[in-house]
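In the two complexes below, subunit A is the common chain; its partner is subunit B in one and subunit C in the other.
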Partner chain A sequence: MDEEPERAKRWEGGYERTWEVLKEDESGSLKATVEEILFQSKRKRVIESHGQVRLGMVSVSMEDHDLKPNRLTSTLKVDSAAQPSRCTPVGIITTKNKRAEKLTDLAGNPKKHIAALKKAVDTVCVGEPSLYNSLNLAIQTLKHMPGHTSREILIILSSLTTCDPANIYELIKTLKSLKVRVSVIGLSAEVRVCTVLTRETGGSYHVILDECHFKELLMLHVKPPPASSSSECSLIRMGFPQHTVASPTDQDAKPSFSMAHLDSSSGPGLSLGGYFCPQCHAKYTELPVECKVCGLTLVLAPHLARSFHHLFPLQAFIEGPVEELQEDRFCQACQGELKDKSIFTCPTCRGVFCVECDLFIHDSLHCCPCCIHSQSAP
Partner chain B sequence: MASEDEINLLVIVVDVNPIWWGQQAQREPEFTLSKCLDAVMVMGNAHMAMTRTNKLAVIASHCQDSHFLYPSKSWRGGDSGAEDASSSGDGKYELLSIANNLIAEEIRNVMSKSEGNSTDTLLAGSLAKALCCILSIKTVYIGRDTKSRLLVIKAAEDCALQYMNFMNVIFAAQKQNILIDACVLDSDSGLLQQACDITGGLYLKIPQKLALAQYLLWVFLPDSEQRSQLVLPPPAHVDYRAACFCHRNLIEVGYVCSVCLSIFCNFSPICTTCETAFKIQLPQMVKPKKKKLKQST
Partner chain C sequence: MKLNIDGLLVYFPYDYIYPEQYSYMLELKRTLDARGHGVLEMPSGTGKTISLLSLIVAYQKAFPLEVTKLIYCSRTVPEIEKVVEELRKLMEFYSKQTGESNNFLALALSSRKNLCVHPEVSSLRFGKEVDGKCHSLTASYIRAQRHSDPNMPVCRFYEEFDAVGRQVPLPAGIYNLDDLKDFGRRKGWCPYYLARYSILHANIVVYSYHYLLDPKIADLVSKELAKNSVVVFDEAHNIDNVCIDSMSVNITRRTLDRCQTNVDTLQNTIQKIKETDAAKLKEEYRRLVEGLKEANVARETDIYLSNPVLPDEILKEAVPGTIRTAEHFVGFLRRFMEYLKSRLRVQHVVQESTPQFLKDIFDKVCIDRKPLRFCAERLQSLLRTLEIADIADFSAVTLISNFATLVSTYSQGFTIIIEPFEDRTPTIANPVLHFSCMDPSIAIKPVFQRFQSVVITSGTLSPLDIYPKILDFRPVTMASFTMTLARTCLCPLIVGRGNDQVALSSKFETREDFAVIRNYGNLLLEMSAIVPDGIVAFFTSYVYMENIVASWYEQGILENIQRNKLIFIETPDAAETSMALEKYQEACENGRGAILLSVARGKVSEGIDFVHHFGRAVIMFGVPYVYTQSRILKARLEYLRDQFQIRENDFLTFDAMRHAAQCVGRAIRGKTDYGLMIFADKRYARADKRGKLPRWIQEHINDGSLNLTVDEAIQLSKHFLRQMAQPFRQEDQLGLSLLTLEQLESEEMLQKISQIAHQT
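Let's turn to the complex of A and B:
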């Protein structure tokens, strides 16, 4: 590889760290390290991106590659990642034994994906993954998305090889023309074809160092990337259904099927209440969903509100030493004493906060507790 | 039953909008702010008396600011308030009498010093401070199980400007598994209904304000585990329809700008919020097929 020295350093750095944890056998091959990993915990996650900042709605399809029988996938730390915006449809594709198959279709509700992933944990990993086949399958789904969406594919690859039936560089050209952004998180080592893939399509390629790093990288992908000006902006027609709750004693209440359950054999059948599509009165029990009958996207106002904080991001607070503070050393948010070395000041209202409050404000709250007391705040 | 080590934190946010309470004192002299705070103190004492590990915090939400009534700034660990607490002599648990005295003193300070002339309640700020307080207590007791919930006692009306901040606070609470309960004295609040629905709390509009203490003890004192065994007031019907940005009407079908997510009731070629021009989908032009001339033999 003839990249800059920094990249080579990062690649080696990844290996140095894993050797601290795992043992290397005489030949120095990685097969031994892979077998060690078998007994450690592994993770798989569903990611949803928000549709924001000149993005509109984002579609993400995630591909998961399984290595030879040794590396299994398990524990989902989905809840933390799945809580944010539900505006994004996510689909999951798995690949093994040189084939690719769709695990779940593009859908906005994380529950289905979580359930499917939990089931997939028990499947046996066989054979080699196929990058070409999985990308092909993803393209077929994303091709039909409207122009204002940003299409992304996130690949979690733990294998070092791929078995492709055709030239993958042709596929990369197709991806580029469809404006699909592909990002890769490598679990083992840097693979040249992935580097080319991400460079050409404008995505990012990372190789993890350890589990915490993996979590951080996944969270990075949850944030929506700024959209290029070439993506189209349009007005999307959406429906905001009312939730009707009917009790069995109500005379007019009629039990009905939910449209979402027509395809699946499991799940509840008849139910009394639900969300009725304003256009065609088809019933659904969970939102957001695209109405199967009339094609209208149904959302609730909070679903859109979840993504607002990306449009109006909170400024970073100014860090300063605690000695600078003349008066009482109390954090204005939690009323606790300021024991740490540094304090954080909001540039707008000059409120002083401690380290934990600052972290909480920027990660979850997205608004300064003192600024929102002034009525003119947005 | 909850284990001995579990910490149950209850944060009560009381709306002390002076204009509403002033009008209330004229309308109904039997139920004033002091009576309301008496009920809050009864609720707080009951909560702290249930288990040794229960903790309480009370925040007063004023027009432009929110103040912590209890614990005051000198509190950390709960024992430092003992120096100036004259023992009441009636055998009352000291923690409860300290709490009551502190609340009474602080509310006097708040009402005499703070100024404000708006008729709306800025609840979002108080809730944000409450969440930060809960988080800081969680980090103090980091090894132990902590469960927290928020009880909002609302008097005045909603302020429409704080919709977005309010939603941010609600989602942050939902992420941290913090319930938001609402006890509404006067007019229904759509924001609080949404908050209770999203976080899984209870919303109740009190039919008789005089019985505030009874409602607080009956409905809001049990924590989330015990609520499944009680028959509590049914959930309110929440209106989740969005309001369009141009007329502020509630709409069932609308157009959403893909750039800034603003909602409109009618199609317009330019978004008024972010001023992007939209690409209008024109029907495809079908070229008439050239008819092949028949070859005449």
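Let's turn to the complex of A and C:
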């Protein structure tokens, strides 16, 4: 995404007391406490990131009244930023006016979701959302997923109220029995029913502080959850099609339709090149996808590599006080001086890193630079 | 953990302690050491009960001769049960730590209704019915009659208890009401009488205020409690009103009518007895001549708690001749009743002092002061003699006779107001005679005099110095404790203006103002959109609430609010209110969100806690002043001014602010809880109002949040709610507001703790 999510513009922020942020924290030490807590949760995310690829589903719930006009927009913006890094099937459900609607079906291809979300920017949100209806719809979809997948629902809830046709606690029991994990990101405040929902199903519940925090929380959900021991293992057949482009000079080449566009009216129709299924030679312009003809899962190697990181994640680094370090206090990665009070040590190569690098390594690199270095050196 | 409180070893049944609990125990210890009375204010949810219990139990164990008994008075049955549960935890900890079995006896006592195990009697619905039925089965003469006629109904539980129960004391242990019932069922003993008997030798007694303050009940139950007991009044912010209520009498036409039938029954019974058993009446006469000497002896030897209804002088004298025989006494009652009836036939309001009343009664019907004073005692004696089984039926005549005794005993501190109609319905004649006590110290005086230490404690007692004044005692310690917090979990905001800059206030002049009502509606509407789950809104009175809600309905505000949350309303009807409350909690529970509109001084504001999601915000619309036009209140204010030099305005503000603090305090019931407290009236910003809020609320009101507009308040609340929704674990509290033993003993922490208590 090109635009950097920044803090809201001053004039959009409403009445704020900026001078109070500067308050010395000897009396209540609130600021420091909250920041401390945030730091810890940052850390937690790194520790917990091992598990398997999951199957997810986003349910966006918005309401228009009382919100800053850009809250819906900013949600969608942040949301779509988060999508591409996920290589698993995702579906989106929206809820408004006491109903739940499926925005996109379960599918692995992020582009379609982004397009749908971009379109959704213009929708008006009216009426109360219904947590029950949207969860119910999500269950309908997730129920048929095979056992090796982890089923997960992420709810982004801006509303503080929900209009339900039946007792939601029954539904929570059903969710629990189906082993569906429900996590919630609240955009306004802590709602009791969400606390119960997440606690019962083993998900997490967070409330955003501002847009930056929102993105951070959303990214937290991009990582798959720890694998549950009950999930089964099974072999999946996969195809790795090559992208072939017929040269324009080739007279025999004829533009053809992509199979993926058969059912959707929009999108480009004819194209020359594409990915051809190794089994049945059906053509697709985008991957990953499930072949419409023979049902083979088609992926690219990088996709699999990305999944691999989630399957076999880098071990969490060991946190320790900076005083323990005898040698020069420099981060092995960025070469910056270690100023924070804690440092992070790779358990394999004993390399020392600062917080920022630790996060970067686990979030983006997925491998320890020192380990790689020692391997390549003879 | 084991604590060292100023040289006293205190067992505390939890692994962690709040700093303010430690501080509270220090103050309490000082009070007990000095053998004086104390006034202590500590916020609710900071573990007041367990601190009290741990310290006093430790004190009892360390100095068994100096403090023999703890009398813990609370308000409601659930609260009593909670105290017993805490006590049970404490005692388990003791036996685990010391390894020896527990030799403490602690029990709860409540009315017959809550303790009765008799299959027929306990199925009755009202407390009065249960009492009456029980009495008709267990009164001494009924049981005497049974000897001759074995077919008389009888309560086998009481019989069994009477036969063997008194010889074996209740085994040591902790008994709540259910435990007592179980024990009673197992042994076949009456739990109520067992409990009443056992409180005499129990180490800890937990019961309701009334057993100690209401002279009629105190006389029966608490008369013989040991002098060196410690008395604790928990949730005592309303104790003055309890005292006043227990000494006041209201007489209507209905009371007099029922009294009339009572007297007729008395007359008939006397006639009957005279024909069959004249000796009995003779015997009574002889007893009365002897006077009430026996009672006097008992009181002089300091066995009994003195009874304010029955002052000492009466005991020294014999019952005057005019009412000594039964017929004369009934005739006397008739005359007195006729006099009262004539007084109720007034067209205008009359207010007079007790001497004026006595003079008038002497002039009109020639009733002297002296026989009036013996009226209550004489009636009791008569009822005993006549062997009337169902005392409950005679409540009216008992009331009248109590009134007679009180009115002739106290020349000060009481006033008589006769109103021909209610203020609200000036056309319907409904005369009431209010005999109103204006001095709460009369009812509580025997308690202060008799017991060596009396501790008055609550979450909201500010300003502390007014309680000793109106209850007329001298405390040795007065302290207010703050709440140490790891995060600021309460957010008091004073909203003084609407978005259109209209001053918000519930004061009389602007009460009907359309703009104010609209802005109040706006405030509630906007809060309903940003506060999750439950909001509780308090109004100053039912009338005011009705007006405002009607007006909101017309303006369509209610409809908009209902889009965000459901609305429930408290009414004066208890059944309706409890229904509304139940539905309110359900709506909070399943995420729909709800608003409860209720009234300060109502049932909701006093007894019901809104923990966590049940009350994320409390909005106080207006300052809950008491209805100042009431004559009773006016008389009381005048009395306070003359006797205690408390200015009317000071008392009114004090009273309003303690109720406001009670209301907003409903939201925070512990350190992990959080809630908004919104004071929607610009008068709260004034120092004289704000200064009367409890210290733990006051210190979180900063100058910036004194006169906010609705918008600003919304913005601050949004921010607050998001901050509070961040994960908060126990580790975050440790060391700041939650201490382990090591942390507690550090020098630095002890320094800090010494600042928590604010002495006055």
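The working rule: the second predicted complex is superposed on the first by the 225 of 378 C-alpha atoms of A that agree within 3 Å, B and C clash if a C-alpha of one lies under 4 Å from a C-alpha of the other, contacts with A are read in each partner's own complex, and residues count from 1 in each chain.
Keep in mind that, in the parts below, contacts are C-beta pairs under 8 Å (C-beta built on N, C-alpha and C of every residue); 3 or more make two chains touch, one makes a residue touch a chain.
Computed from a predicted structure; not experimentally measured.
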In the superposed model, does subunit B or subunit C contact more residues of subunit A?
-> B
May I ask you to decide whether A:305 touches subunit B, subunit C, both, or neither, giving the answer as first, second, both or neither?
-> first
Considering only touches as defined above, state whether A:183 meets subunit B (first), subunit C (second), both or neither.
-> neither
In the overlay, answer first, second, both or neither for which of subunit B and subunit C A:193 touches.
-> second
Taking the superposition as given, does A:334 touch the first partner, subunit B, the second, subunit C, both, or neither?
-> first
Would you check which partner chain A:201 touches, where first means subunit B only, second means subunit C only, and both and neither mean what they say?
-> neither
Would you tell me which residues of subunit A are touching subunit C in their complex?
-> 14-17, 20, 28-30, 33-34, 36-38, 41, 65-66, 128, 131, 160-164, 167-169, 186, 188-195, 206-209
Give every residue of subunit C touching subunit A within the complex, in rising order.
-> 485-488, 526, 529-533, 563-565, 588-593, 612-613, 616, 704, 711-712, 715-716, 718-719, 721-728, 732, 736
Residue ranges of subunit A touching subunit B (in the complex, touch as defined) | 51-52, 54-57, 80, 83, 147-148, 232-243, 245, 278-279, 296, 300-302, 304-309, 311-312, 328, 330-337, 354, 356-357, 360-361, 364-367, 369-370, 372-378
Interface residues, subunit B side, partner subunit A - complex = 64-66, 68, 71, 73, 76, 118, 122, 124-125, 128-129, 131-133, 135-136, 139, 159, 161-165, 167-172, 174-176, 194, 198, 235, 237-243, 251-261, 263-264, 267-268, 271, 276-279, 281
